[in-house]
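Here chain A shows up in two complexes: once beside chain B, once beside chain C.
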Partner chain A sequence: MGQISVNRVSKSWGSFVALDSIDLDVREGEFLSVLGPSGCGKSTLLRIIAGLEAPSGGEIHLAGRNVTRDPVWKRRIGFVFQNFALWPHLSVFRNVSMGLELRRTPAAELRKRVNDALAMVQLEALADRLPSQLSGGQQQRVALARAIVLKPEVLLLDEPLSALDKNLRQDMQVELKTLQQTLGLTTVFVTHDQEEALSLSDRVVVMNKGVIEQLDTPDAIYNRPVSEYVARFVGEAFFFRGRVEERGATQGMRLAEDMVIPVEGAGQRAGRDGVAFVRPEWVTLDTPQPHGDVELPRGVVDRLMFFGQSSDYLVTLGNRQMRVKRRPDAPKFRAGDTVILRCQARLLPNAASAP
Partner chain B sequence: MKTSALVLPAVVILGAFFVVPLIWVVILSFLGAGPTGEVQHAFTLGNYVRFLTDSYYVNDLLLRTIRLAAIATVFSVVIGYLGAFVIARAAPTTQTWMILLVMLPLWVNLVVRTLSLMVVLGRNGPVNQILVGLGITARPLPLLYNETAVVIGMVQVAVPFVVLSVFGVLQAIPRQLEQAAMTVGATPLAAFRRVTLPLSVPGILAGSVLAFGINVESFVVPILLGGGRVRFMSVAAYETATVSNNLPFAATIGVILLIVTMVMLGVYQWAVRSAGRPATAIQAA
Partner chain C sequence: MQKTLLGSSLWYGGAALFFAFLLAPLAILIVVSFNPVAMVFPPQGFTLKWYATILDKPDFLQAAWASTILGVATALLSTGLGVLAAIGLQRQRGAARAFVSSLLMSPLFIPAVIVALALFQIIFMMGLVNTIWTLLAAHVVVTLPYPLRNVMAQMEGFDVRLEEAALTVGATPRQALWRVTLPLLKASIIPSLIIVFVLSWNNYTVSIFLANKNWTTLPLQLRAYLQYEYEPFVAAMSTILIVASIVLLLIVDRTVGLGAVRKRD
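On to the complex of A and B.
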């Protein structure tokens, strides 16, 4: 059993099912992200783990203890709210110290632990300020210090970075990860930002409408998604539908009479219909040769979008548009050029559900 | 130019109906009265000297008025806070109805309300019937024509105002602040005491000032529920003006009452400024 063990947990409000029999084990010291669009139940799951919400069914174990019936104040958790929820009438120091005050910690130990926690988030100098006198990033740090000062069994973060602007968010991601690793805290991090989830986590849970769609390492989630939903939600994906056929040692997918795209993926499924996808950086554009590659898909370059560190081609394929990362070493194309697509698309395992 | 022209009607109306009468009352309080009640146009401090040197006026009238108003204010604030808290935690649709219920008495004439309270508190009223019926007291308690009755009446008048001012403040405090306290180990009671209560102090202050201001100037309540036995400032001013026909001395009582209210407002301003930091912090957060 993991540090956090979620056992067939359900939650419904009336006929609305927010969570449908969720099973989840978080290992000790692990950083686990729960990723999904708003309304998928990810925040509800976190609040149930914290005890801020009661499950309609199922059990929660924290550090081996069944805490399903324990109210939030008896669970040894650290929780960071999306909008920080700092107490506006208390100084930074008192915001961090309240949990220790409630545990009747001796004054000297209290002062030391609060100062240590504030030092860990580089806020010792601002201990006497009120939250309203702090910037968003500093408030975030106070919320973090408040959560870690109690040495919780688990750290639960509810979209803690979404209220910050982009640059600050990236800095805080690094700090958060460093802090988590230093303290070895078992962490559940709820977010709708896929980049954040992939870059920070040991494992990622992708949720959809109250169920876990996939639970895996960031690499597997990105490169071997189990469904169209996951592929689409975690990064950009362009889908192909067609019949899988054997082509010697490799597999291909016939998209139309004269168009076949090489595919790879789990299992032998020659002769069956399937769905495959590519990511923008998996595709290389090439100039069509008069004789070779007759069956590779062709597209027309719409335009080149420049982002500074990289640039994308927008390519029209039939009546659809796809995004392709430009490779610096590849020839440069202009709008209107016809190109062929060199890539290996990945078959999705549950092709049966594909339309 | 244009703005000043726009506010001119308001200035004229306020001046004619509030400022001028007030100035006249203050002037009147420094004039003497003849034996038949005619106002004598000569400056004198006699009215104030008479009031402040007579222990009947100071202890039995002024201090009693302040004391009863203060006691009623404490009860009003406690009851009003509880009411506001219950309403603030109710479901939104229930909330609307509860607020309506709180405001309902304000649309009923005060005399009618107070008279119905007399029925409730009377010797054979429901309160006494319940108390006797449950065996809590052997015989009906005297709940009318004494200070208790006046305090109960004033609480009844002031509670809705406290509820409304506290409710506004409680509504503005995010529930997450209490939840955050519970995540660090606070029981719901501790979370309330450490977070919600201190953050609602501005509402408590506003409610108390409102309640005290209304109570200290009570007129209908002490007349009806006090039954003439409980002396009260505004009643005394009325009787001095009408029965004794001594307008200057009635004006003096009025001015002293006004000063008490002003001092209270001053204390309130000071208290709000001291407690103001968390209040503004909520708005900023």
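On to the complex of A and C.
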């Protein structure tokens, strides 16, 4: 059993099912992200772990104890809210010290622990300020300090970075991860930002309509998604549908009479219909040769988009458009060029997933 | 206010009526209180003797004391209940909330004399006698809408996550209430206390039905005195009431501002 153990937890409001029998184990010291669109139940799951919401069924264990019936204030958690929820009438110091005051911590120890927590988020100098006198990033740090000062068994973060602008968010990601690793805190991080989830986490949970679609490492989630939903949600994906064929030692997928794309993955046996996908950076473009590669998919370059770190070709394939990400070297193709696509598409294991 | 001809003439017209009908009689009353001779205007001299005579009238001192105790008790009780009701109502939705809040607000829309008569009738039917407790209860009923409305207005913009955050650091709901919710509602609680005190201190309509001999309030005492005596002493006494009310309201305005409740949202 992990540090956090969620057993068959359900939550419904009337006929609306927010969570449908969720099972989840978070290991000690692990950084786990829960990723999904709004309304998928991820925040509800976090609030149930915290005790802010009661589950309709199932059990929650924290550090080996069954806390399902324990109210929030008896669970040893740290919680960071999306809007930080700092108390506007209290100084930064008092915001952080509140939990210790409630535990009747002796004054000297209280001061030391609050200062340590503030030092950890580089805010010692601002201890006397009110929250309204702080920037968004500073408020975020106070919220973190308030959560960690109590040495919680688990740290629960509800989209804590989404209120910050982009540059600040990237800085805070690094700080957050560093802090989490330094303290070895078991952390559940709820977000709808796939980049954030992939870059910070040891493992990622992708949720959809109250169920867990996939729980795996960021690498596996990105490169070996189990469904179209996951493939689409954690990055850009272009899907192919067709019949899987054995081609010597390799597999291919016949897309049309004269078009076959190489595929990999143990998704489907030969002779069956399947779904495969590619990511924009997996594809290379090539000039068609008169006599080679006759069966590779062909497309027409629609436009070139320069992003600095990459140049993206938008290529029209039949009546669909796919993005091909290339390094921003001198562009080899121009709009209107016919190109062939070289890539290995990855078969999804679940052919039954909806289009 | 739109800067149209109609708008500004309404504005000035309203202001003129306000001065003519509300402030002018009060001003005359205050001037008369310094008149050495009789309740007439313009005054024929200047004296403070009517103010000094208050000290010779133990009835008035006792009434002032009764009004003060009643006012403080009403302020605490009415505001306390108003805060609790506002917090409770904020957690409700739909019909129950609308029904209960209009019920609590109803004394605002019913003439005070009818409320007082109804309360008197009920107390009589229940076989109770007029005591300080029945008087206090009546004052609370008629003043409750004010703190309720003030606190509810501020609760509108209240973020429940601030309370939840307190729970996550180990506060029980009661501790969260004392340490987070109530301090944040201070901007509506303090003015409510003072406004309720002023309302209770000045109340005549309810008190006339429900007060007894031992708890004659200042406005009742004043009215009783007027039946037999008509001298500038009454004006002096009234001036004290007016000035006390104005001072209290100024305190509210200076500390949190009379419009503080709305500005906060």
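Operating definition for what follows: the second predicted complex is superposed on the first by the 345 of 355 C-alpha atoms of A that agree within 3 Å, B and C clash if a C-alpha of one lies under 4 Å from a C-alpha of the other, contacts with A are read in each partner's own complex, and residues count from 1 in each chain.
In the analysis below, contacts are C-beta pairs under 8 Å (C-beta built on N, C-alpha and C of every residue); 3 or more make two chains touch, one makes a residue touch a chain.
Note that the structure is predicted; figures quoted are calculated from it, not measured.
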{"item": "Superposition on chain A - do chain B and chain C clash or fit", "value": "clash"}
{"item": "Touching partner for A:S132 - first (chain B), second (chain C), both, neither", "value": "first"}
{"item": "Partner chain(s) touched by A:M98 [first = chain B, second = chain C, both, neither]", "value": "both"}
{"item": "Contacts of A:R146 with chain B and chain C, given as first, second, both or neither", "value": "both"}
{"item": "Contacts of A:F307 with chain B and chain C, given as first, second, both or neither", "value": "neither"}
{"item": "Which superposed partner A:F16 touches (first chain B, second chain C, both, neither)", "value": "neither"}
{"item": "Chain B versus chain C as contact partner of A:G78, first or second or both or neither", "value": "both"}
{"item": "Footprint overlap on chain A, where chain B in one structure and chain C in the other make contact", "value": "50, 52, 71-73, 77-79, 81, 83, 85-89, 98-99, 102-103, 146-147, 150"}
{"item": "Chain A to chain C touching residues, read off their complex", "value": "50-52, 71-73, 77-79, 81, 83, 85-89, 98-99, 102-103, 146-147, 150"}
{"item": "Footprint of chain A on chain C - complex, ascending", "value": "159, 161-162, 164-172, 175, 179-180, 183-184, 186"}
{"item": "Parts of chain B lying in touch with chain A, wherever the complex brings them together", "value": "174, 176-177, 179-187, 190, 194-195, 198-199, 277-278, 280-282, 284-285"}
{"item": "Chain B partner contacts - residues on chain A that touch it in the complex", "value": "50, 52, 71-74, 77-79, 81, 83, 85-89, 98-99, 102-103, 130-132, 146-147, 150"}
